[in-house]
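Naming follows writing order (A, B, C, D and E), and every chain is counted from residue 1.
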Amino acid sequence: MMPTDFKDNEALEQLRESGTNVVLTTVSDLVSWGRANSLWPLMFATSCCGIEIMAAGAARTDFSRFGIEVYRSSPRQADLMVVAGTIVHKMAPVLKRLYDQMADPKYVVAMGNCAISGGPFRDSYHVVNGIEDIIPVDVYIPGCPVRPEALLYGIMQLQRKIKVSYSLPLGKKEEDK
Amino acid sequence: MTDQALLDKVLAFAPGKVAVEEYVNTYPALRVEADALHDLARFLKENEETDFDYLMCLSGVDWGANLGVVYHLRSTRHGHVLVLKTQTPERITPTIDTISDLWVGAEFHEREVYDMFGIRFTNHPDMRRIFMSDKWMGFPLRKDYQASNPLHLETEGAYEDEGIRKLASGKGKDETFIINFGPQHPSTHGVLRLVITLEGENVDQVQPHCGYIHRGIEKMCEHLTYQQIVHLTDRMDYLSAHINNEAVCLCVEKALQVEVPLRAQYIRTIMDELTRVASHLLFWTSFGMDLGATTCFFYSMRERDHILDIFEETCGARLVLSYVCPGGVMYDLHPNFQRRVKDFIREMRRRLPEYHRLLSGNVIFQGRSRNIGVLSHENAVSFGVTGPSGRASGWHCDVRKQDPYHVYSQVDFQEAIRTEGDVFARYMLRMDELETSLNIIEQLIDQIPSGDYAAKMKPVIRVPEGEYYQRVETARGDLGVWLVSQGDKFPYRLKFRSPGFSTLAALPHLCHGFKIADLIAISGSLDFVIPDIDR
Amino acid sequence: MRGLKKYLSGLFQGVRSLLQGMSVTGYHFFHPREIVTQQYPENRATLEIFERSKGELTMPHNELNEHKCTACGICQMVCPNGTITVLSKTEQNEDGKSKKVLDRYIYRLDQCTFCALCVKNCPSDAITFAPTFENAVYTRALLTKQLNKEGSKLQKKS
Amino acid sequence: MSSVWLLVFFITAILMVGAGIIMAWLLAPTSRNPQKLDPYECGIAATGWAWQQFNVGYYLFALLFLIFEVECVFMFPWAVVMRSLGVIAFVEILIFLFILVLGLAYAWKTKALEWE
Amino acid sequence: MIYDFSKLTSSLDQLLLSVLPPFWVLLVEALLVLIAGLAAFAVLGMILVYMERKVCAFFQVRLGPNRVGKWGTLQLIADMLKLLTKELVTPRGVDVLLYNVAPFIIIMAAFLSFGALPFARGLHAIDFNIGVFYLMAVSSLAVLGILLGGWASNNKYTVIGAMRSGAQVVSYELSVGLTYITMVAFAGTMQLSGIVEAQADGWFLFKGHLPALIAFVVFLIASTAEANRGPFDLAEAESELIAGYHTEYSGLRFAFFYLAEYLNMFIGAAIAATLFLGGWMPLHIGSWEAFNAVMDFIPPIVWFFGKTFLLVWVTMWFKWTFPRLRIDQLLTLEWKYLMPVSFFNLLLMTVIILLGWHF
């Protein structure tokens, strides 16, 4: 796909910074490339969107083609948290803890309208209206539920974002969250 | 026994304490004084002639001045149904006797009522909140609920949890190996949390903790019109989304006494069965994965994708269809529908033997599933474990046979039954049902009559005052919808009796003494959908 | 002796069942025809998306940049969770009568539940669902969309 | 000569892991927060301690293993020279295996091989 | 024999000796072996993981990685880069020493067995005269890494995983040992190169017919179990224990566990190929001279890897077909089926050798 086929290129432009050191930039680009192409997701799904994640992993829209079939159940080994489904008040601390326990670098994709804004349940007394109140989100994939191709598209958006971001701690330490 | 005879019998048992309810009701209903409830319930359960052994539904309701509890009882032998309604005298410290000593399954339902309405059940073995955390303020389903609860972001230590303290008590702290399975665990099928005490590999006690996806659907429904409610029901048991939609619509149609066009009924029935096939295919997938046979996932998802294509072509969505509306269906079938369904049936018939060769016959699989987690017929009824899991214990509980809706009465099909009640029986029963469903679809697919696909409905539906109960058979069992209307365009109270919730109550009973791996197999074979449990 | 026989027959039956399972997977391994993978980004041109598919709400405009929305607000009313906001303004038409016309049609894609009540209830068929699904973005604000194009007008009834 | 290579491979292994971990330590970003270092337990604060008394089931098998494995080791020299010893070797191993199988049968009979 | 690495190595040895004193020669050679070992190890690991992902994809009617590089060949490079720059988390409350040592042990065990494999004539670093015995000793070191890692993590899942792995690996070690003995008795030597040479006129699988076949099957099962591979992956049992014994390990430390699993599978297959399928020996059929000549033309290293990868593929076939065993099934299989069968088989082999009924 050409870059012009994607949406939201403006946000990407802001991210793109030129490194001072050519060698370091090259190394950083290489590492970013590695990270972008090796996103191991955390096995985490709360509701309907989880079924569509399963569908995305199934043979029809096989997401192992992107190298992300290595599903890890332990947050220590996962790079990507796809928040699929509604997050309720009781679940919020669990989500936060899981995110905290992931090893850096880590990325979050809010999959489906429930995760983005509370979706159909946003008026409920027990539903969190958007996970961005709890953890930082890299990519938003709207849909209810998100169809598998849309998830793949979202993952490709995330890959583009990772590829343009500076990935080495040398000279620039990532800020504590 | 006729309904009148039944009512007379009960009235004679406790004169003065019981009155016949004159409200519009789907089933014969009685109003009982709170102090006479337990005796009456015991009488109804233990008397040979009444023999109400199945507690269909237990719901709380806020009547304004006081709080009520409503029991829907059913006799599996006689097939009659009775509704008991009782009220607390006041709403500050409401208490009612528990009936969980009579129907084991009531334990969870009563906890739910406590959680949502604050009614304490005396003599209840484990009176705790079930969905909300212990710190939660207020009882959400009360009409005057206004408490605002801030979002807590720190998980609390488990010993702060009342239920876990209970688990650990009695033994020294060092001797109990308490371990959490879930909320984030690959094989709790979502965000169910099971707290387990272990002795080596063996499971001693299991304590389910729910509410990690409690979305308050019942409360939300009280502020939505009947058309709007339909889209929320999709998201409860999203694997039988279409059947859930139907439950609400059927209930509304029953209340309004609308005649649904025959074409719509045929469409709904076929869609029902396709949904069931898709759900059972997903069961096969996830059950295989729970047992470590990952390849199953890909084979059955491949077939499931065909069904999703059929859905998407007609309904425009793959999973949560929102296809049913009160009076019929949203749009007509797609012209390709019949051809695609027939293709799918042919394909599925070709693949099913492969499934059996790959998994069902496998010696490891058989060893892991036979004689594991045996649920007796008696317990299945007492817990209210319906659907395939109940039928695997030899209980004829198929709503499609008992209370036929749509065109099920005109279809020739056998209710699949197995008697072993173990994991293998539950697994095989779903495989049997796959074939049954294919047969039903095959009988109907060429018979779809022409005509309207929906009855003409008013843009704003007002359901006449009264209480209505509708049961449908989802892929997981008996889904009941209890609708209380006060003539408004919103329901006064809408309760979903979800099959998964009752099934979950049986899980601790099934797992005791088995191994960790068996626990996974048992919970997999019960085929939970967590949002269906939590709602 | 019977014990030994049972032991051996169990052994052979077990092995047989294992081999049967392996024959199923083995068949699939040696028949690449069975592979059903559709390669998504590469097959964008040929990807089969059904026309009824509900991807996002759109408001079709004709070549004169005209839409059919009369700003009646029914869609906003039937929407179960406030996804649609119809902002109207009063405009003077040629006869000098003031008339309510659509100013902005705000659609929040990140809240929509795709129940299609809006489309079904729209009296003038002004809105419809498009089968697009490539909507993922980095900023949530972009998911709030204005459906009527700049400077668009109400289509005259013919 | 082989012993030298053994040492070389040993060192290689240590170098590989060590160098890798040092690299990771240098290159990897880190972040700190209060929950990160807690033991993971499905997203819930852990209850109790993992180092507790444990079921003897596993231990029993370790003991059984020890017995049979030692016997196994005794059989290696026999296996090498078996051809030259001829029939005597066969008789010897028959007796030896008989005793071993007796042990196994005993364990089988007393249900030591069942996982309770 | 057309291809002989011993010539190459000895000429290299000569060359170095002519310019350097013996001690330095040894050092240089050691360095060469070190680099070669490292490279072989890393490349092999990547090939195996790539193979696993592709093979399982084909079993599962899909394509597998194909977007990073042609046919997804660069996927493993990306994974490696990612893992190399992933944070190493050391949770609170772990036994820091053991927690850090465990990956060393597990990789070391794999390396030491790896060094003893006869890849081709002359390409065989550690060739003890008790080669088989040595293999048995070092390959069982791996379980120590798992046990320590699981226990030191102070996490309930890891502890259970470690315990399971302990019970499992020690049990299956017995069958492995017994099949070793069976084949040593047949070969009459414990030296691996000797065993391979003895198969010049026919692989042991054919020469030893029935008992060798039984031993082969038993060994295949037991070595899969020893490598903690599915269907015997109880120690990591995704659906039960999250990630089993390495739940708490992140980044590169986890990568070493991951790598070791694949290498252990490879080593198991390589030993099976060496003991039963003639190692690097080409396939010869009786007096079919032309056929044999063609077979000889294929280099021995190709033979070795061909056989090994075939067996690796078979173990993958097992993994992607069968459900996981339960702990009691696992132990029943070993103690009630494989062990008695192995005892019986050893006797059978003895009888056949003594009566000269083998080929």
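Keep in mind that, in the parts below, a contact is a pair of C-beta atoms (placed from the backbone, for glycine too) under 8 Å apart; a residue touches a chain by one contact, two chains touch by 3 or more.
Here the structure is a predicted model, which means the values were calculated and not measured.
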Which chain is most remote from chain D in terms of Cα centres?
-> C
Count the touching C-beta pairs: is B-D or B-E ahead?
-> B-E
How big is the gap, in whole Å, between where the Cα atoms of chain C centre and where those of chain D centre?
-> 54
Once you find the CA centre of chain C and the CA centre of chain E, what distance in Å lies between them?
-> 50
Give, as an integer number of Å, the spacing between the C-alpha centres of chain B and chain A.
-> 34
What whole-Å value do you get for the distance between chain D and chain E if each is reduced to the mean of its CA atoms?
-> 15
Enumerate the residues of chain D that touch no fewer than two other chains.
-> 27-31, 35-36, 38, 40-46, 49, 54, 57-58, 115
Of all the residues in chain E, which ones touch at least 2 other chains?
-> 59-63, 66, 83-89, 156-157, 164, 238, 242, 247-248, 251, 320-322, 327-328
Among the residues of chain A, which are close enough to touch at least two other chains?
-> 31, 58-60, 62, 65, 73-76, 94, 96-98, 101, 104-105, 120, 123, 144, 147, 168
Those chain pairs that satisfy the touch definition | A-B, A-C, A-D, A-E, B-C, B-D, B-E, C-E, D-E
Which residues of chain A touch chain E in their complex?
-> 30-31, 33-38, 58-59, 62, 64-67, 69-70, 72-74, 76-77, 79, 101, 103-105, 167-168
Would you mind writing out the residues of chain B in touch with chain D in their complex?
-> 154-159, 164, 168, 173-185, 193, 195, 199-202, 515
Which residues of chain B touch chain A in their complex?
-> 131-133, 136, 140, 145, 149, 151-156, 183-186, 190-191, 211-217, 219-220, 223, 231-232, 235, 238-239, 282, 285, 297-298, 301-302, 304-305, 308, 318-320, 530-531
Would you tell me which residues of chain B are touching chain C in their complex?
-> 224-225, 227-228, 230-232, 295, 302, 305, 309, 312-317, 320, 322, 330-331, 334, 354, 357-359, 361-364, 366, 459
Quick one: which bits of chain A touch chain D in the complex? Just the residue numbers, please.
-> 31, 74-76, 94-98, 100-101, 104-105, 168-170, 173-174, 176-177
